[in-house]
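Beneath this line is the structure, given in structure tokens, with notes to follow.
Note that the chains take the letters A, B, C, D and E in the order they are written out, and that residue 1 is the start of every chain.
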Amino acid sequence: LGLTACGDDGGDSASGGDSYKIAFQGPLSGDNVALGQNMERGVKLALKEAEAKGDLGFKVEYLAVDDQGDPAKATAAAQKAIDDKSVMALVGPAFSGPTNSAAPLLGRAGLTAISPSATNPTLTEGHKYATFLRGVPNDNAQGAGMATYYAKKLKAKKVYLLDDKTDYGVGLATVAEQGLKDAGIEVVKKSVPQKTPDYSATAKDVVNSKADALIYAGYYQDLAPFSKKLKEAGYTGAGISGDGSNDMKFVELAGDAAENWYLTCPCTDASVEQATKDFAANYQKEYNVAPGTYSAEAYDLTNMVLEQMKGLGKGKVDRKALYTALSKATYKGLTKEFSFDENGEFGGTDIYLYQVKAGKIAYQGNINELAGS
Amino acid sequence: MATDVTTPVDSSERSADTVLSTAGVTLRFGGLTVLDDVNVTMRRGEILSVIGPNGAGKTSFFNSLTGVYTPQQGKITFRPRSGGEKQLLGRKPHLVNRMGLARTFQNIRLFGALTAIENVKIAAETRLKSDPVSIMLGLPRARKAERASDEKALTLLRFVGLESKLNELAGSLSYGDQRSLEIARALATDPEVLLLDEPAAGTNPTEKLELEQLIRRINAELGVSVLLIEHDMRLVMSVADRVVVLNFGKKIAEGTPSEIQRHPAVIEAYLGSGADDAAAVEEMIAELEAEHPAQDGADGAEEDQ
Amino acid sequence: MSLHEFWDFLVLGVVLGSIYAVIAIGYTLVYGVLQLINFAHSEVFMLGAYGGVLALTAVEPGSNPSALGSVAYVALGIGAGAALGALTAFGLERAAYRPLRRHGAPRLIFLITAIGASFFLFNLAGKLFGRDPTSVPEMYDNNTVATVFGAQLKTTQVLLLASAVVMMVGLDLIVHRTKLGAGIRAVSQDAEVASLMGVDIDKVVSRTFVIGGLLGGAAGFLYGNFVSQVKFDMGFIPGITAFAAAVVGGIGNIRGAMLGGLMLGIVETLTVPLFGDEWRNVGAFVVLILVLMFRPTGILGERVGRTA
Amino acid sequence: MSTQTSSARSEAAARLRKVNWYQQPMVKRLFGMLVLALVVNAMTGEQGSSSDLFLSLKDGFPSTRMWIILAIAIAIWATREFAAEPVKSGSRSVRDLVTQAPAVVTVRERLQRDKWTRWGVLALVVVLALVIPGQLTGYWQTVLVDQIAIFVLLAIGLNVVIGWAGLLDLGFFAFFAVGAYSAAYWTGSLPVEPPIELNNFLVIPVAMVTCLIAGVLLGAPTLRLRGDYLAIVTLGFHEIVYIVAKNADNFTGGPQGVPQIPPFKAFGYEFPVDPMPYWYLLVALVVIIVFAFSRLEHSRVGRAWTAIREDEVAAAANGVDTIRFKLLAFAIGASSSGVAGVVYASKVGYFNPENFAILNSILVLAYVLFGGMGSIPGVLVGTAFLVWLPEILRDKVPPSDRYMYLGALLVVMMIFRPQGLWPSKRRQRELKQAEEGIGDADAMSEPAGGRI
Amino acid sequence: MSETVALKKDSGGSAPGATPLLELRGLRVAYGAIEALKGIDLTVGEGEIVALLGGNGAGKTTTLRTISGMLSPRSGEVLLGGDRIDGIKSHDLVRFGIGHVPEGRRVFPRMSVQENLQMGAYRFKSVDAAQLGRVYELFPRLAERRTQLSGTLSGGEQQMLAIGRALMGKPELLLLDEPSMGLAPLVVQQIFEIIKEINAAGTTVLLVEQNAAQALALADRGYVLETGSIAMSGPAREMLADSRIRAAYLGEGAV
């Protein structure tokens, strides 16, 4: 019945040649939305500025693709972008899990997926996803950074390493474990799946393990209650978590318990770095909040895509051409210079450290420099 | 314990004729002993009635025979016509039924949303062979079975006088018809023994008479032995060949109806002066009739449908 | 696991279990009068949590309230949670279940309605209050209050345990000592006849829902405070576990619900150090299945089968 | 003495018989409409925010939108109260015009009488089902295959379990997971190697058997339980399957899921990314299964199921092997669910345990009841509709609100049309009898007491 | 407030009492499309025992359920002591001194005997110990089993409990629906005895029975219901003698 009625509903109306779309895929509803929003706003801001400048020669619209951060939902979500023939490139997927499930589809459809944030190291292994480009240092760097910091700077003896069983968490934890072991540190590795409502038993377990440092490889939505339970259980050691927790939402939810937590990220703080000050101001003006994790990176990558589209010229943009162009391009963004190797992997390895202090996430600087190596 | 008032039957004859016998059946629920060493023997082809006060354990006895309850002790032996002996104790209800014991329930339990004929077919079909796969494939075997069950159900409904109500919903039949339908359904499983639990409860005297006829016909025409629980003494006395009396889970008497009626323990525990009471009513009526010369009641019983 | 650790986890288990127990009572009460698995009870619980947080947000506790202030805030939170929970439960009964009761709908229909209502309510909450979590304001300093066998008891835990015990005892008194309790029990056994005795069925059912709602709502707030955040879909998992707890204890039996709740809370918590956090729900459900296999009507469920 | 008490009684009687203005049905309905309007207002309002909990409430109460909705509600109420007759008779005459028109009547009669006409109509439906989707956009084709058709297959299976045998199974989706993992295993996509790798088509029977066994294993110890208990145990079973899928990383691949399951291949033809070949495959499967199952429904098996559903004790007493038939229902349902799992896995190529979250089991159950428990056409239509609805709503309402509407729809439907969209005759009768107080329309348990 | 006053039994007992306690006027009751009562008129005088007879499905239970407010009539009136009471809900009607012993006993199975009796006094603030004593006196069997769960009582005991429970509400008018159904002959006699006693103590009784002979022997007057209409009525003794009654309801000479 009604099915027939929706035949004309898909929206592949455009593709006349003077109007294209750029999609962003990430969690826009469900859990950890703050991480998705940060990037979405970056993408939208880039598009808005390009439109205002008006030198592209064609129109570019935005398409939101909401995967809820859930690999299971990512395939259907990506399909939406694939089906819309005017979508030329997709910024994202934001998370590693959804990338793993959606990238094959995107690959078959020839649609570029250029992610500012999916950091699981295996995503680019052997170029397994035909159109995936990563615009961020992967977690080999981040995990190693955490390990180095604990080993060199904090001189930890025993580290409790907890992952959230997502692609991101597991990937990060595996690298960190290796790094810690190489540094001769004792490691207790456990997993607690995402969305566990009650962390009190795990927190007790951490305390009982007598570890003096902790790594949480997962996202803020779970770290927040976990950190509270840690505090309640009387944990006094150090805690470090990755980019998945690096959002003010973590501090908001965890309150006092967030104090002193270290957070790493392959991203810089846009409001602090000189190069991104203007961007931060514009962002603040547009959305009435400071840019968050990966906002600037998403902005940069969107601009990179736009530049390549402009290079191809009106009417000549198609998915394939755009991918080819992007994979070979070098783009000097506000945050860093972007280029990709033959697997679509990003070149750099810089990881930055933050720490929660007095209810703010304070930018500390490059982690390796801080650790003194 | 049990006072057996029947003249002892020749034991060889008894065993040859026995269709169902229980030995030392004892059933407990928690601390409560519901059946206590019950020994009952039923002869092939007879109508045996089980009576006793409320809560004496009659229904529990039925439930034990048919596998709904599993007594803690005792033996229940069934001798099918085909020969041999089968132990029923602890068997699942559907297996007991397949061996040849069918029952009705104290509170009628029909499949209300199915039609009368469907109710009977369900029972009939448990005797037919057709597996789900051949049904799904529509094999001839399945179709043949379907036809056979149709025929059988029809015959039985005719037998109990429901042929005009084949396609009515069981739930919408009148109470009396529901009773008959339940009996037809039980008969559809080709039982050798039919167990009826208070079939006359809640029926009026006219309906009781019809029921009496039906029980006799089942016994005589179909050759089915009948085990009958009933509180209506008039029905029991007129239809039963023999009567067993239970009280507090024990058998307190056994014998022909007239023997039972005179049995002091039975009168005390169960019948009370009921017989006298009925007689008193009769007397009163006679008296009244003498006062008012009999009215003409020619257009009498038109009330039953 | 050392003995000391065992006590540690046992305490946690008892705390979690007592929350489950209070929620489970809500399931069991409604089951008692309507023979309905009230799937939407988890939403009563969730809305209770929001109720408390809303009230607290409205009065904005400072960062370090005084001792008296703490007590007032906690009381306000519990009260508001209970109130919104009760209102939700009451509304549910009125809007969804009463019409069904009027036409004597079969229980499956009730069940699907409850599922629908549950979907509706938690998504509506997501709509109204946002879909990411909100943190529960700090109302007191979470200090160590006591030490039992070396296990530390924190304020939160004591608060939870005490409130749960008060609620359970109160309910037990209501059900076994008051006329409303008699009415509830009568309606649960034979509603029509209860009305012949002078029991107003609608009123009793309504009040049963309200009581379940009060408990569920209060538990919701306490739980939110316990896990430190509230979220629109927070009801689902505790809801299912509490429902399992009600069944383990013997559904329809209030003391059974308490027992089942405690049991599952403890089992779930002990699973964490023994097998790892990821297996916690398996522990609870394995217990459920084992219990039902050996006691098909739950631990305190009725044993009297129906006579054929 | 008695005069005094009787005058008190007269007063009490008069008071109790009096209907106050606020007790009038009309007034009650007005009140109901007003409350409904406020709820609708809340539903359609601004998306709230977790950082400002009162945002949505402040925004919507009061607002112009609220006043408009209230006005509409009152208008509807007034029409119903004061102009019900003209509206009703109008709609009745329209309905009569349509349903009683000679052409319609003859068609309907022919449908009822003539077997061949019926077959013709069915064939037509199938042909349409094969042709029309070709005209849809890729997105809708995907929805049709990945969701609608798959869920339809599942719902047909669950219908056997709950609609026919009356077993309340809240863990049905677990079998779907078993099917999907079987597909992954036998095509060599899991971390563990199968003894031999099979073609996806061959996996179908293998998965069916696996699910059948899983169904029996689950069923055997639990089928003796009362209805409600069965519900929670099956729910628990689902949760266990889900958690194992998530945590037995070495076997299932854990939460990372199973990547790159190969598509169907036959005679050198490999199914492409395009959904249509899968659609034809699924239509074929649905047709075969529907055909086989409806034979079953009207056979001794179907009748035995009905008997068990209505009165298990009586069924057993009449020789029906209740456990066997219940297991049969479980197994048949499970295996059709397994088929769906294989097709799904092969189609999407990637899945992870989140695809089998517990909510799905509850959803399928809702689909079956919505369509009309026990009725195959009902289940087909109902499931298709309910799966389609959130998808179409995706563009009409804020996407995350979709399930709010789904929930509301379920509640309204159960109150006003409990038999479902397209109920089966038997089920309708049961419901009617339940309403009249005869029997219990589902085998959830013995009625423990009276009805309320 | 509406305490029942013990009334002496009308010595004549044959004609309807001067003050009819219960009166049904043109009562019509339907279940959906099925009309179960097609306009019946019936009176029960204060202190009387009135028997209501009829075959299965005649509408006897429906009549009682309408009187006690579980069904509302489509048209017609129910009067208690001259006041209209139709349309009042059953739980309110209890206050007017109507006790109803439903068909099939329906005790609360998971309550003890004593709790069941206490439920009978639900309408009062507290349970009247004296009344409880009277009920136990009337049914010594129940006194013995005070604490037993009533679901495990035998049928006869349950029937006694159901009657006792109704008496706890101190009814002026007692409606009994087939109290002898499924009971052993001895118990049936006892129950009839008890009804007589209750009546002698001042309670008016409307008795529905299949067991016509015994019911009429006990009653002052009788009504016969046939498919929803009153087919016959009169003094019980005369009805007992009526040949039509005897043919149809006493099972004589039929078939």
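The rule we apply is simple: a residue touches a chain if its C-beta (ideal position, glycine included) is under 8 Å from a C-beta of that chain, and two chains touch if they have at least 3 such contacts.
Note that the structure is predicted; figures quoted are calculated from it, not measured.
Undergrad: Going only through chains that touch each other, what is the minimum step count from subunit A to subunit E?
TA: Tracing touching chains, the least step count from subunit A to subunit E comes to 2.
Undergrad: Going by the average position of its CA atoms, which chain sits the greatest distance from subunit C?
TA: Relative to subunit C, the chain with the farthest C-alpha centre is B.
Undergrad: Work out the mean Cα position per chain and let me know which chain is farthest from subunit E.
TA: With centres defined by C-alpha atoms, farthest from subunit E sits A.
Undergrad: Give me the ID of the chain with the smallest distance between its Cα centroid and the all-protein Cα centroid.
TA: That would be D.
Undergrad: Taking the mean of the CA coordinates per chain, how far is subunit B from subunit E in Å?
TA: 31
Undergrad: What whole-Å value do you get for the distance between subunit C and subunit E if each is reduced to the mean of its CA atoms?
TA: Roughly 44 Å separates the two chain centres.
Undergrad: Distance between subunit A and subunit C based on Cα centroids, please, to the nearest Å.
TA: That gives a centre separation of 38 Å.
Undergrad: Could you please state the distance in Å, as a whole number, between where the Cα atoms of subunit D are centred and where those of subunit E are centred?
TA: 47
Undergrad: At which residue positions does subunit C touch at least two other chains?
TA: Counting only residues that touch two or more other chains, subunit C contributes 131-133, 189-190, 192-194, 201, 276, 278, 304, 308.
Undergrad: In subunit A, which residues are in touch with two or more of the other chains?
TA: Residues 29-30, 165, 191, 193, 252 of subunit A touch two or more partner chains.
Undergrad: Check each residue of subunit B and list the ones that touch at least two other chains.
TA: Touching at least two other chains: 29, 66, 68, 105-106, 109.
Undergrad: Can you name the residues of subunit A that touch subunit D in the complex?
TA: Listed in rising order, the residues are 1-4, 6-10, 12, 29-30, 66, 70-73, 75-76, 79-80, 82-83, 97, 100-101, 104-105, 108-109, 165-167, 170, 191, 193-194, 252.
Undergrad: Which positions of subunit C touch subunit E when the two form their complex?
TA: Its residues touching subunit E are 179, 182-183, 185-186, 189-190, 192-201, 302, 304.
Undergrad: Within their complex, state which residues of subunit E touch subunit B.
TA: 55-57, 152-157, 178, 181-190, 210, 212-214, 217, 226, 231, 237-238, 240-244, 246-255
Undergrad: Flag every residue of subunit D that touches subunit A in the complex, lowest number first.
TA: 51, 132-133, 135-140, 142-144, 146-148, 246-247, 254-257, 259-260, 273, 348-355, 357, 381, 384-385, 388, 392, 395, 399-400
Undergrad: Under the definition above, what is the set of subunit A residues touching subunit C in their complex?
TA: Residues 29-34, 165, 190-193, 196-202, 204-205, 208, 221, 224-225, 228-229, 231-232, 234, 249, 252-257.
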